[in-house]
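Each of the next two complexes has chain A plus one more chain, namely chain B in the first and chain C in the second.
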Partner chain A sequence: MEWDWGFVADIMPTLLQGLKLTLIVTLLSAVVAAVLGLGFAIARRSANRNVARPVAFVVEFLRGTPLLVQLYFIFYVLPDAGILLPPLVAGVIGMGLHYATYTAEVYRAGIENVPKGQWEAARATNLTMRQTWVHVVIPQAVPPMIPALANYLIAMFKETPLLSAITVLELMNQAKSVANSSYRYIEPMTLVGAFFLAMSLVSVVILRWLERRYGRLGK
Partner chain B sequence: MTEPIIRIDRLEKSFGALNVLDGLSFDVMPGEKLALIGPSGSGKTTILRILMTLETISGGHIEVCGEQLFHMQRGGREVPADEAHLHHMRRHIGMVFQHFNLFPHKSVLDNITLAPILTKGEPRAKAEARAMELLEMVGLADKAQAMPSQLSGGQKQRVAIARALALQPRIMLFDEVTSALDPELVEEVLLVMKRLAAETDMTMLLVTHEMGFAHEFADRVLFFDKGRVVEQGPPDTIFRQPTHERTQAFLRKIIAAGHRV
Partner chain C sequence: MAEWSGYLTLILLGALVTVQLTVMGSALALVVAFLAGLGRIARWWPLRWLATAYIEFFRGTSIFVQLFWVYFVLPFAGVTLSPLAAGVMALGLNVGAYGAEVVRGAILSVPKDQREATVALNLTPYQRMRHVILPQALPLMLPTFGNNAIELLKATAVVSLISLTDMTFQAQVVRAQTGSTLVPFLTILALYFLMALAISSGVRALERRLTAGLDGVR
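And then the complex of A and B:
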């Protein structure tokens, strides 16, 4: 088997298109995971057990089942119930929902890290619950969480090839399709690995910087 | 005759099996300066935390500014207060904590203006002008832009006092406000409180281990033991001629520990 630079040049535009979609899916899923995770974390802390219990159950359920199975359900099983989602939307929902259960844990740790005295000071100055969250708790809880959240962002990025299973044309899927039509696997798969490695190395540098800037949870 | 601003009536508070307050009753008149003293675990901090609605009650009644604190009327019946009622009642009360509890992510000025802007809808300019007046009063006008982490403990506590005052409560609660301070920083905080006591007609409740300060500051001293008021009276009486044996024992211990009374 020989490495063919001409073939590399041929498939590069297709792979770059896949890479672009991979990045888009990662970012959109990250937004879903970040927002939904905060919702899960706050709901699980609710004094109302009719809210906290079901949410806790859903979170444990989603964390306890594989992402690939969840993606199959969203894309191939939900249509039986009349819910038909485009691959990209299904992928973003699936990844976002799955990772929201992990970010929820990060948020929980971050929120519990805010001293009790801060809640009491907010109450003593007569802030409402909402104002306490928005102006006192979240601004203090979030900075120490940033490195942990960034870690999950990198993990999500590396899991995007799973979306090829539900026909999202991300990097892995593009590589598979050029490989299948040309019967050459070495160039496309090597390039996919190289792309992921390059992006991960950049992310690790950024992550280290975030850790220095914001510190770690529990420091 | 004026009505009491706070009426505490047969108040019960238990944490699990532990009865912290056991049928506690006392009244506070408007403008009165009260010092609550007693051994730790006697319930004196708990009563402040209950007045600030940081704790719930297990039984009894509290009336603040003529309204029930933990109860309200609904359909002619008395029911436990909801969050809206507690929010309404907390306007009357401010609190300064042992560990300051400043918001560390906000500047000194923002610590003071946050609540007036959010809870009273004050325009920022007005809130800031008042905050500056208050910082002037506590001697920290030059620290308005500083972050809490840049301040000493005494300075933090003076900012915390300004923050509580910014909401113009009728009742101020001081919970061991000098206990967490290095000895050389205690005086600056006490000075601010003395001025406050002299210059305002606010009602003040003070939990403290500084007997000398309690003597100077208070109109009335309540000695707490095991969740009840054992003895109360003017500071001169409580500190010079306590009648109850437990008060005498407590003061002896305090003096033996080297505190001046």
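And then the complex of A and C:
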């Protein structure tokens, strides 16, 4: 089978439509992951062990199981409990929840990265807890987190094809439906790969820049 | 009750396929990681360039896209792989690309004077690697390798989409036949989690053994 540029031109609008949805899903899930991750990180730091322990277990469980199965769980099991979600919402919740467990680690590392002396100095100068966080800890903790968070944004973008398994019409699903109706697999599949490769090569450049600008978290 | 044991057997058969994929994929990933990781720091530039292209390519697209490409596009180029072979290949090459960066980072983090000392002692390049550099670099690689192996285990779920009968595929079969959703999915989630725990505790044990003689060195 030969590569056919005419066919490429034909399917391009459909694929671009899929790409648009892919980007929307990525951004929405990223917001969910950023917010929920902060929640997880704070809950794990909680002095109350009845909060910290169960949250730690939930985070470990979500990290140790496949995103695809979690998506199936949200998409197939929740409706039996009376919670019927549209595929897009189910996908965003699933992706956001899964990656929140990763961003939580970034927040944790970022906060622990602030030297203990800074906390002690804040206490010595009689700052309130709020002032300590707003004026001392956050300004030092956040910049090194930015590259690490961006890294997970890219990872989420690459994982979006999984949502095709729960019938979200993103890039991969558009490509599959085009391929199945025309019996031509080479062009759609290769183009999807090319799209992802191009986007991620660009994002690697941006990531390097972010790392230079904000530094990176020490291991 | 008798029915359920039948369905459970189905899921356990799938678990066997998942374990098989994880073990074979990890083995391939390990080999590829060392080849590409050493290639990236090779002195000969075509080798360096080749390794970089491989790593960027496989890290730039997701396992899902690669798997579909291997399974659906390669047959047109005359290469037809069984679903299992396609799965192992895609998983191994994908995770191997991540592992290659770990290998490179760990080797480069061995202090420079160690390398200079081996040159001064007139060791061959093979001896330098085998007896001086790797024994110090391996313990640094292990924790990340463990995480990579868990990522690989999680990625095996994707092969169910190219009709390989792994655990996720079997759970879908059970769902389709019984209409019950909670039991099959909760069962496989628990099984995946147990496998991930097994990997992380295995790697920790290995780490303890490898670092046993290194106290005081680092």
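By our rule, the second predicted complex is superposed on the first by the 203 of 219 C-alpha atoms of A that agree within 3 Å, B and C clash if a C-alpha of one lies under 4 Å from a C-alpha of the other, contacts with A are read in each partner's own complex, and residues count from 1 in each chain.
Criterion: a contact is a pair of C-beta atoms (placed from the backbone, for glycine too) under 8 Å apart; a residue touches a chain by one contact, two chains touch by 3 or more.
All values derive from a computational prediction rather than experimental measurement.
Peer 1: One more residue to check, A:127. First (chain B), second (chain C), both or neither?
Peer 2: first
Peer 1: Which holds for A:201: it touches chain B only (first), chain C only (second), both, or neither?
Peer 2: Touch status of A:201: second partner only.
Peer 1: Looking at A:161 after the superposition, I want to know if it touches chain B, chain C, both of them or none. Which is it: first, second, both, neither?
Peer 2: Second partner only.
Peer 1: Look at A:139 in the shared chain and tell me whether it touches chain B only, chain C only, both, or neither; answer first, second, both or neither.
Peer 2: After superposition on chain A, A:139 lies in contact with chain B alone.
Peer 1: Classify the contacts of A:66 with the two partner chains as first (chain B alone), second (chain C alone), both, or neither.
Peer 2: Touch status of A:66: second partner only.
Peer 1: Now for A:185: first (chain B), second (chain C), both, or neither, which partner does it touch?
Peer 2: Once the two structures are laid over each other on A, A:185 reaches chain C alone.
Peer 1: Examine A:193 and indicate which partner it touches, taking first as chain B and second as chain C; both and neither are also allowed.
Peer 2: second
Peer 1: Looking at A:86, would you say it contacts chain B, chain C, both, or neither? Reply first, second, both or neither.
Peer 2: neither
Peer 1: In the overlaid three-chain picture, which partner chain does A:13 touch, first (chain B) or second (chain C), both, or neither?
Peer 2: Neither partner.
Peer 1: Which chain makes contact with more of the residues of chain A, chain B or else chain C?
Peer 2: C
Peer 1: Could you pull out which chain A residues touch chain C in their complex?
Peer 2: 1, 61, 63-70, 72-73, 76-77, 80, 158-159, 161-162, 165, 172, 176, 179, 185-186, 189-190, 192-193, 196-197, 200-201, 204
Peer 1: For the complex, give me every residue of chain A touching chain B.
Peer 2: Residues 115, 117-118, 120-121, 123-129, 131, 135-136, 139-140 of chain A touch chain B in their complex.
Peer 1: Going by the contact rule at the top, pick out the chain B residues touching chain A in the complex.
Peer 2: The touching residues are 52-54, 83, 87, 90-91, 93-95, 97, 99, 101-105, 114-115, 118-119, 163-164, 167.
Peer 1: Looking at the complex, which residues from chain C come into contact with chain A?
Peer 2: 56-57, 59-62, 64-66, 68-69, 72-73, 76, 150, 153-158, 160-161, 168, 171-172, 175, 181-182, 185-186, 188-189, 192-193, 196-197
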